[in-house]
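I've put the structures underneath this note.
Each of the two complexes below includes subunit A, the first together with subunit B, the second together with subunit C.
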Partner chain A sequence: MKQKGRTKINAGRLIWFIGMVLMILMVLAPIFVMFKYSISDRASVVTGGMPIPLWPYHPTTEQFRGLAAMDAFVKSALTSMEAALLAVIVSLAIGTPAAYALVRYRFPGMMVLATLLISVRLFPDIVSVVPIVETFTKVNLLNSVWGVGLAHSLLSMPYVIFIAMGVFETIPKDLDEQAQILGASKLYSFVRIILPVALPGLAAAAIYVFLLSWDEFIFAYFLLAFGNLSTLPVLLQKILSWTPQHNLLAAVSVMLSIPVIIFTFIVQKYMQAGATAGAVK
Partner chain B sequence: MATVRLHRIGKKYGGLEVIKDLDLVVEHGEFVTLVGPSGCGKTTTLRMIAGLEEITSGELYIDNYPANQIPPKDRGISMVFQSYALFPHMSVSENIAFGLKIKKYPRSDILEKIDWALSLLNLEGLATRLPKDLSGGQRQRVALARALVVEPQVLLLDEPLSNLDAKLRLKMRAELKRLHKKLGSTVIYVTHDQVEAMSLSDRVAIMHEGRLAQVGAPLAVYNSPHNIFVAGFVGSPSMNFFNGRLVRKDESLVIDLETFQLVLPERYRSKCTGCLGRKVILGIRPEHIYDKRLSKTESYLGNTTDVVIDVVEPLGDRDIVEVKKEKICFTALLEPETNAAPDQPMTVVFDMTKCHIFDMESENNIIHSP
Partner chain C sequence: MELRNKAINLIRKNLFCIIILAPAVLYLLGFLLIILFKVTALALTHVSPEGALFPTAFHFIQLSKNPEFRAALVRTVWFTMIGTPLELIIGMVAAFLVAEAFKGRGIVRSLFILPLAIPTIVTAIILYIMFDFPGGHINDILMGRHAFFPFRVISYPVDWRGSGFFALMVSIFGKVWRDMPISMLIILSGLQAISKDQYEAAKTMGANAWQTFFAITLPLLTPAMSTVLVLRSIEVWKEFIFPFILAGSYPLLATLIERAYHEWRNPNEACAIALILLALIIVSTILIFHSLKWLRMRLVRI
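Showing the complex of A and B:
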């Protein structure tokens, strides 16, 4: 009896375990394929009808060296990085105070305003891209990293505002009021008390904006297509248009992923749980 | 230190009137507690004094200056919130220094004051800790230190003990009392716990539905409540109330409770004759009902009745005993020597010299009218 019960538990655990392994495989498989291709030599990709090997015959860093030597790639990577950081800075600088105001102050039309903020994201990107490109053309923001950064901050602003609103809602109003009683101005208590406490949540928003900007294609394409600047996704499209080898594409994909991982690790430091622990009670 | 004077203070949220015509004077160095059930407006009143809530009508004077329009930081007040509101990213000493830094005290003064506050509240050795690494009691003391270090004219405390466990609450209660004795500051304290209010304050202000029900020294409020609300609110276990009628029987005044009658003492006669024949509510505290077998005073003997014990809650020094007399249930606080057991019959004695009689309509105390 006892043994039977034990096997039962083991069977359950086994199913759970297999499920977990399958899920991990599902997540990792594309990454593995991408990585494998990126270090593949030509013979492992163009096999002439033979099955493609699970691991390249002669692993090589040729593609990466090729990319590093490719001016267009380095330039695009820098452009992408600049645009993403610009988007993070602008959307947080504007979105954070906006979210704070929406959470802490009651004013007429507040709900309408909050709803309008999400409604920006209700349209498909392709619909809003035309008016934005139109406007940016008029103010000379076409073909510039500023234009792309600004467009991306526009796209991410609603997310920033909503993430930040969620963060500020968890910060007790008592903290603002206590600071006020102790003599702090509203700005002082926002900068010295509320922002530091909100930092972990805002870091999450920053990651989100960075990712959104880093792999955003449509806006970047329309804003940059007719100039000589490109972000990485735009460059990828340009490379694709001359049907390159799988291994080169995979190498570009790996290069696209690395900064995301690095940025996430840096910002994650601020994302530890329980930042507000000890504030109340 | 300063006086705080509330003159016909009112507060409305839209059409909802939550505070009505509140008049209260808190003297220099006095410890006054606003106490009442939740929703009675005590915290709102405190927040109006702090300047966190706008005053709809009436005038507030702090140190004899009209304060309605003065922003919180210039009122010379400090406040400890129920939640303590410690700044979680700042250490204990940074929390304490916060107000001083804003007021641009010189660095040496700030350090000196931090030391003073840390030793005053037994927080030595915790200066560099973050709030999350402190126990509830320590957080509470940090909040208190932060409030005291700016040398407020008036210290406002909003249920500062309610997040502590029962034992720590008692300890901090004594601590607060010692602190007030030592510093002599004007304190306005808010709590829903009447025991806390009674034990801490020079005077308690009992609030009910946005109005002051009674203001007075704890004992005065306990011994002569002006109305049914105060009588029922102050004291634990709370006062027993019986519906009855005031009638004359032979030479004396009697309260007829239908199932039994209780004779009023001689000295209440003059105050009660006006209510003869009227419906009244008799109030008597559980501690003024005794077991007849253990009662030594002969003078109560007229006022006895036979009851059946329903529930016994032994506290050690006393037993809270709920008894039944036909349909009437009431509570008595008896000595453990009674050996009260459920479903046992017993005879109880009412100490009518300690009773209160309330008019059924106005609910005011006939014997101890204001």
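Showing the complex of A and C:
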């Protein structure tokens, strides 16, 4: 009897273990392939019919050195950064105060408004991209960093409001009330007392927006497809359509992913909140 | 007069609130209105040499006759019907794997979050490289050309991007891989919400692992599961990047929008497709939401 029970448990453990190994392999395989290709020499990519080695014959950093000398790459990286910073500034400058108002002023209908603002993010981006591009063309925002930054700020604003509302909710209401009893105006107490306390959480929101813009492909592609400006994701697509040279593609991919991987683990808690925003009830 | 004074007073009293709230509301809802107005206006306008015609269902009629649109519609429907449940299943598997405490759980959890940190376009490019033809890694492995897996599953390399079925299956794989952490996190939070008392009670009453799973875990997990299904189905309907990179010759509705806009140079038709996609998403979301609600009422009896 006891023997039977033990084998049963072992079977369960075995299934769990196999599932775990398979899942870890599944998650890691594409990431491993990316790093492997980025350090591959030419002979390990163009093998002339031989199977592609699982580890390059002669690991090399020549792709990365090539990227540093490649004008298009440096320029795109700068463009990506500019667009992302613009998105961060716009969405935080507009989104943070709104989040504060949504948390502190409980009028009837305020929660409905908050839900409405946050669920704008569910609007399909591929549906909004054509009207946005058509509108931006009219006001000369096509092929410009400003257009991309603005579009990204629009995408990220609901996340900023969501994260910032969470941050302000953790700050006790007494804090602003006491400040106002001592004679501070509402504006003063918000800017000089509440914002500094909220800063760490808002920094996480800023990083989230930066990454969202850094990753974003659809709007950047539609806005920049036929100009000579590109963000890194658009450059990646352009390289793919010029020369699908695998190790170059992988090297750009690594450069694009590294900041995201680093920051994701720094702000993991908030990333999860953002990713599952409005999901947990 | 008094009413006006009251209104002015109310505004003055909450001026600060209005001032800090208005920009975001105007910015978000304003753009939303512009988008909705523009997409509808463009979809209903037909520009011909004789002049612009509005409103007209011309583009919708054109599309309904267009075999490329019909094929894309059919592809999108099965893409969604395979992709959405897969997102849920893989998310649940990952969540159950890390649900219980074990040595190194924190590391494994962080590892499972990793796909979230790989940009979608990068994931698509990596799959492009892995599923290359004739000499990609997947073809090599399936043909048994590596020592660690000497089984010849296929005798000829598969042209993954050259067949609609394979190209879209690879796209689904990418989509599921990249979204796995999100589904996992929602399911995990659902699992944590189930109180330990119920498991204790089941244990004292002598229930085995299967009974506990089907009588407690699964029914109480249905809210989290339906959240995953509803949110993920929206995401899968509108998926663009994976099919754009991996299934260029087999457009879904989302990639057909790009083609209509860039290749056919027809923003009006692109908007018509976009509206159809939007309608499909709304209808399917309502449908999924209500059928899940109905199912939950049937399943959970408290």
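Here is the rule we go by: the second predicted complex is superposed on the first by the 219 of 281 C-alpha atoms of A that agree within 3 Å, B and C clash if a C-alpha of one lies under 4 Å from a C-alpha of the other, contacts with A are read in each partner's own complex, and residues count from 1 in each chain.
Just so we're on the same page, a residue touches a chain if its C-beta (ideal position, glycine included) is under 8 Å from a C-beta of that chain, and two chains touch if they have at least 3 such contacts.
Computed from a predicted structure; not experimentally measured.
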Partner chain(s) touched by A:193 [first = subunit B, second = subunit C, both, neither] = first
Request  = Spot which of subunit B and subunit C makes contact with more residues of subunit A, would you?
outcome  = C
Task = Using the superposition on chain A described above, determine whether A:70 touches subunit B (first), subunit C (second), both, or neither.
result = neither
Message = If we overlay the two complexes on their shared chain A, which of subunit B and subunit C does A:214 touch? Say first, second, both or neither.
response = second
Message = Between subunit B and subunit C, whom does A:174 touch in the aligned arrangement: first, second, both, or neither?
response = first
Ask   = Thinking of the overlay built on chain A, is A:237 touched by subunit B (first), by subunit C (second), by both, or by neither?
value = second
Request  = Scan A:85 for contacts with subunit B and subunit C and give back first, second, both or neither.
outcome  = neither
Key: Contacts of A:182 with subunit B and subunit C, given as first, second, both or neither   = first
Ask   = subunit A residues touched by both subunit B and subunit C?
value = 275-276, 279-281
Task = Report the residues of subunit B in contact with subunit A in the complex, numbered from low to high.
result = 50-52, 72-73, 77-79, 81, 83-89, 98-99, 102-103, 130-134, 136, 139, 146, 150, 163
Message = For a test of understanding, state which residues of subunit A touch subunit C in their complex under the given definition.
response = 12, 16, 19-20, 23-24, 26-31, 33-34, 37, 47, 49, 51-52, 54, 94-95, 97-98, 100-102, 104-105, 113, 116-117, 120, 122-135, 154, 157-158, 161, 186-187, 190, 214-215, 217-218, 222, 225, 233, 236-237, 240, 244, 246, 249-250, 253, 256-257, 260-261, 264-265, 268, 271-272, 275-276, 279-281
Query = Can you name the residues of subunit C that touch subunit A in the complex?
reply = 14, 16-17, 20-21, 23-25, 27-29, 31-32, 34-35, 38-39, 42, 93-94, 97, 108, 110-123, 125-130, 132, 135-137, 140, 145-146, 177, 180-182, 185-186, 189, 209, 223-224, 227-228, 231, 234, 237-238, 240-241, 245, 254, 257-258, 261-262, 267, 270-271, 274-275, 277-278, 281
Query = Okay, in this complex, where on subunit A does subunit B touch?
reply = 172, 174-175, 177-184, 188, 193, 196-197, 274-281
